[in-house]
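Quick heads-up: structures coming right below.
Next, two complexes with chain A in common: one pairs it with chain B, the other with chain C.
Right after this comes the complex of A and B.
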């Protein structure tokens, strides 16, 4: 159907310049100044060498490739190929392949300039960042390695933690323009094959011009595009990635991104810091419960304040009432206005702190938190009770170990605030109901998102709010439908010993 | 037949469990004694039980739920608004002996549940719509289906309207009925659109959220007068029965399994969970009733419409003075599964009856509920609605289901003999 209000956009295709032969291809490439194409003349033979200076490692070209070409006993391409101490060299006539390989950092050698046969020698430069500490998922104990922007280094970091022949890796190129290398890693025999197929099929069918980061991939292949909740977790810790793969999950690594995307995930994963596994189970469980309480507090405290002060003041006990009255007596605004101002101020501070360089950011935090807070209370623009509540809610929302989930929690408070203003406590309940219905319907890679809670699976509850001891974690998470659900031999691991044995 | 021949007859293949039992019994009591009871094999039992020719319904596994979730489907459907005020109605007839009536209702509903399962199993595990059509033909069966569905519909209306009434009385006297009704029905829409699994999820979570409200019975115990319960057995059997009939409105909801049965994975395993659910509700009702009885005096209770809510007033926490305000807001999650599952059942029934897609009927059903809830204006009319639905439910449960059970048995027997 033709909608009159919808603008028809003319389809503008990029003029595809398909070179007809190799000469045309090199001519096309030579328009770029970093392309070098020169003739090498020697007594026994002459050849044409061409490569991009910027993506080939010049040092390796000079030290490891050219000396072998310049040797005297070399007569043709096959001789060069035999002489070179480099694997993966290739003699081909395929123009498409030549173009792709050269753009990846191969160098091409021809006997004559219009010779369609080419020897392709890999010489990509390996410039990348050193493996350093993870930036956002810091830990006090445990490994301190973080992913970097190079796919091969990242795969190395994972593979060295799981030295298995059945740690499979599938690689493809995604993005019409960026042609980014994307690979999925999983353990054959543990990961559910259906999950693997789904991920692989979703990645294969991506239609997008540029893949900047792994988050682009995770946003494109996500189950629900309209959900505020992140459905795939991304981590910059190779240890976390490896342990997720060992559980039967699948990791997606993208070249140029220091993050691995782990699929499928449940909502619980976003509230787990990997630190929890490095400490004993009582402390880990305690911290997790505190985190849960913090998130609940952060979401509900301000809406409850608004609802109670606007509609249900009978709920406040008499002793508390005096404190509230004295703090609110001079405030000229209704509670919702007061709450919105303070909440937005906190959001402003947070955003300003995140965008500014670290040193300035801290100053902003102090200035904003101390000066604005105190001044607004003294000026009678906000009540100090609410200031305490909002500040604590802000603090509590920082306990979420995952950055994306932290953002979501930031956002979902505002509908609660508005509902609380409109319909009081019933409004909060209704708003919660809407989120609940959304969460119940949400899936991650087709697996239920709120899994250990609904559908209730009691064996999977062992690693949620209470983390039971490691030696009691016998099964892998069952919602993944792992092909081998047992982590260890149950009878052997739980053999009872008698006293004095 | 001696045990030797019995054994030799079964030689060559493994005798099944019941045959083994037969052999064991014969050994134990001697050859001469006749068997008091013969354990039939599953095959024999199937042959004895007349079954219909209906084809087994096919539901994709993606929308089915585990059998143990039937427990939550049933209990969450039974806890509705009834639990907030049932104490007054039953004491009207049976005084403070009324907890016996609750037990009676619990026992009788368990029997009815057994009949329901039997009817469904004989109907080749089909839902009520198909069974009705088979037994009564296309037209009469269709009419019966419409009557049953409209009963479910009115059940939903009752729950929703009663909840709105409580909110208007306790929280917002000025809250327009249509506004709250619209908001709740929008919420219901988002749940029902998610399908049976999402609705079941709501049922499950409702018991988790509502469950902790039950812990509040601890607070009134401080002011308990256990002597209120005495003397025991002070009322005649007819008045106990009358009270147990009054109690039924709080037990209604389990009969919806007639429609959602095909959505249960391995439904045979769900039986024990269903019965456990009914026992659980009975247990909770009895406990709550006893706490109410020892907290309120009989005179006071007769003036208290929402006794459970009134009891929450005594709950005092350091930062919350009037707990029932929170209780009422949380109670939304106790009535939501009632409405969601009820609406789902009606749309599913209409789909089976007229083959209209659920996504099309759902907005119409919700609009109808919205309009009808707005028509009931005051306490007297709502009370009449409650009584009417309770009466219909009683008739449906205690008269119609046994009759259907017997009729189906006869029908299938005659059909088999033909």
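Right after this comes the complex of A and C.
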């Protein structure tokens, strides 16, 4: 069968331009107006300098490079190289290398204009955002640093938390056009080598033109492309990244993205806020259980309302029957439409709030929540019981600490709603079974996604919905198959030494 | 290609499911009348008069002033005469604005003249219907069920609610546990007979008259509530509430509150013509109302003694009545069965009137309230 929209596309390759020599290369580059190519002369000495004004730091060119070029008498490029107070300079004839380096912010120096030999001096401009608070994963206690768009700064933030020679970093360039620097970070001897190889291979084989963000990478290397569930967690907290690496996970950092992708991940990770580790275990466990209850409530409350009011009036308690019936008596719609209208309203409000600037966004919440809600109830378009349920479900879904998982939860409510209308409670059970079987099949980097629950790994339950005390967490997660499973010495970690004699 | 086909197949099945179930009949909660109480009475000529009560929750624009619509609705009562219970309900549908649905049924009432002719016939339908719960109360009404149901009571305009709460709160106290499930357990069980509460309209109230004894599917007699309910309950099941008043002397009454009683049965010579059954009740109580006394310890002893004697007499009295009537709502036969090999129901009922039943109550009064 041939699909009409699958017609062969015309092959649109970039015009192949391979400059034959350096003159041609510079000529090609000069077509862009931000390219500087000029003769630098002092006394009898002269040389040709070329660079992109926009990606080289002009200040460092003027202050740290140009004054030093002719400091002593120079005869060739090696003399200039010796003069410069800059490391990582390079003399080369390789056209490919010259082109790549110059596009990264290097400056090329030639003795004569048609010399094929170039001295490449790094002078990239470092336009950077300052390290600031994390935006989406805010914490009340704990570190307030967040990743920024520069890869080197991000690696610095991680490495200073794990000052180890074993902290390995592998870097590659991904993207035909964007040539984005992508690096994976892990601890040799803790991270499972198989995981490292898998993720490295998946990144190396990415075939894509432009990598804008780490989420592009995580979408491409994900195990199942059809799943609504995110399989890799991304975080903008260096502390979370470092602690994941210390557990034996692997972090993927992408230049230009303030998010690190952590692989492999289980579903539990998406319901853990890193804040949980900064408070005592009772409170952390309590909050996690509340979060679990909130997610369950958020997914099931509206479908249950629809199912029960449409099919199963028997299960409504007697005292609630009066409230439900009298609140629904004037509503002209069946429960499903009523629920869909309100759910969509909430989704609209969310989307509008997310797209608008912060200050306007707050007003949208008030306008939407109060005005539309009460107005629709007063107009008799929605029952006030459902309004409470939907609003609470919306509120509950915000407790999900991870934005991506929050979006997934937003989405999966609608199949439940439709199933509830079609088959009642059985429909909800069916739909749940469908999602459950999907989750059971799902993997993250080949590791089971719902791991501590299935396959059951009791040792990994220590950091799920009940978080046991930190000094009792002596092993690294089993599903990562870490090469060194022990975090610390068991007996020594349990001791309390008050006075050493 | 195969992958594509799999998708299409999946989509097709999903579409089919939606088509097949899209027209499922729905019971949207505000488009039905939920029948909450139903009553049957004898209409003569082998016909029955059925009455159902469905609360009508306020259909008014109750949404305007925020606070919600908890307005106490009125009830609507429908009656019709027909041959069978199912037919009655079908007949009533023809008068009802919305569909009458039995899923929230809480009380089934049967008129005493009808109950004397046989009960099972009228309960069978409710036993079969999966929509109907098992904690439905069944009661016998002394008088017309229609008059009882078609009335506005001061305590609650919803009569079904009144009936349900009435039986419920009495079960928590002095009345033995009863509902549809218990009834059928007793009815079908071997060596055990069913019992039902008997209600009566008493002016502006409904009153529990007592425990109705059922023998072979028929209502045969009444144990008055005041006299026998408490002793019946403590002999029948463990309980932790209920009060009992005893007479110490001519003008001296005392009320004892049960805070936990347990009953144990022992059987000797189960197969013989004269089986011996020991009912041992262990009762913990507190004195809630008493006249002034000087020595509490002595007083407690005296009260315990009187209470023990009184309860044992009542128990003896009760079992004698039951034996005379040949009914066994306490399930003594069931107890004998558990002690006796090759127990035979037919034989048991022959021996039952001659059985020697000993009621032994151990009273333990723990306190006399917060004042000395």
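We adopt the following convention: the second predicted complex is superposed on the first by the 486 of 501 C-alpha atoms of A that agree within 3 Å, B and C clash if a C-alpha of one lies under 4 Å from a C-alpha of the other, contacts with A are read in each partner's own complex, and residues count from 1 in each chain.
Everything that follows uses one rule, which is that a residue touches a chain if its C-beta (ideal position, glycine included) is under 8 Å from a C-beta of that chain, and two chains touch if they have at least 3 such contacts.
Only a predicted model underlies this, so the values are computations on that prediction, with no experimental measurement involved.
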Task: Examine A:327 and indicate which partner it touches, taking first as chain B and second as chain C; both and neither are also allowed.
output: second
- request: Give one of first, second, both or neither to describe whether A:57 is in contact with chain B, with chain C, with both, or with none.
  value: neither
Field: First (chain B), second (chain C), both or neither touched by A:310
entry: second
Message: In the overlaid three-chain picture, which partner chain does A:423 touch, first (chain B) or second (chain C), both, or neither?
response: both
- request: Classify the contacts of A:441 with the two partner chains as first (chain B alone), second (chain C alone), both, or neither.
  value: first
- request: Examine A:433 and indicate which partner it touches, taking first as chain B and second as chain C; both and neither are also allowed.
  value: first
- prompt: In the superposed arrangement, which partner chain does A:318 touch: chain B (first), chain C (second), both, or neither?
  reply: both
- request: Considering only touches as defined above, state whether A:456 meets chain B (first), chain C (second), both or neither.
  value: first
Contact residues common to both interfaces of chain A (with chain B and with chain C): 311-312, 314, 316, 318, 423
Statement: As the complex stands, chain A meets chain B at residues 311-312, 314-318, 320, 423-426, 428-430, 433-434, 436-438, 440-441, 450, 453-456
- request: State the interface residues of chain B toward chain A in the complex, per the touch definition above.
  value: 65-66, 69, 167, 171-172, 175, 180, 183-184, 187, 190-191, 194, 197-198, 201-202, 204-205, 316, 318-322, 325-326, 328-330, 332-333, 336
Contact set on chain C toward chain A in their complex: 1, 4, 17-18, 21-22, 24, 26-30, 32, 34, 36, 55, 57-64, 68-73, 101, 103-104, 106, 131, 133, 161, 164
Query: Once bound in the complex, which stretches of chain A touch chain C?
result: 1, 308-314, 316, 318, 321-331, 334-335, 377-378, 380, 384, 422-423
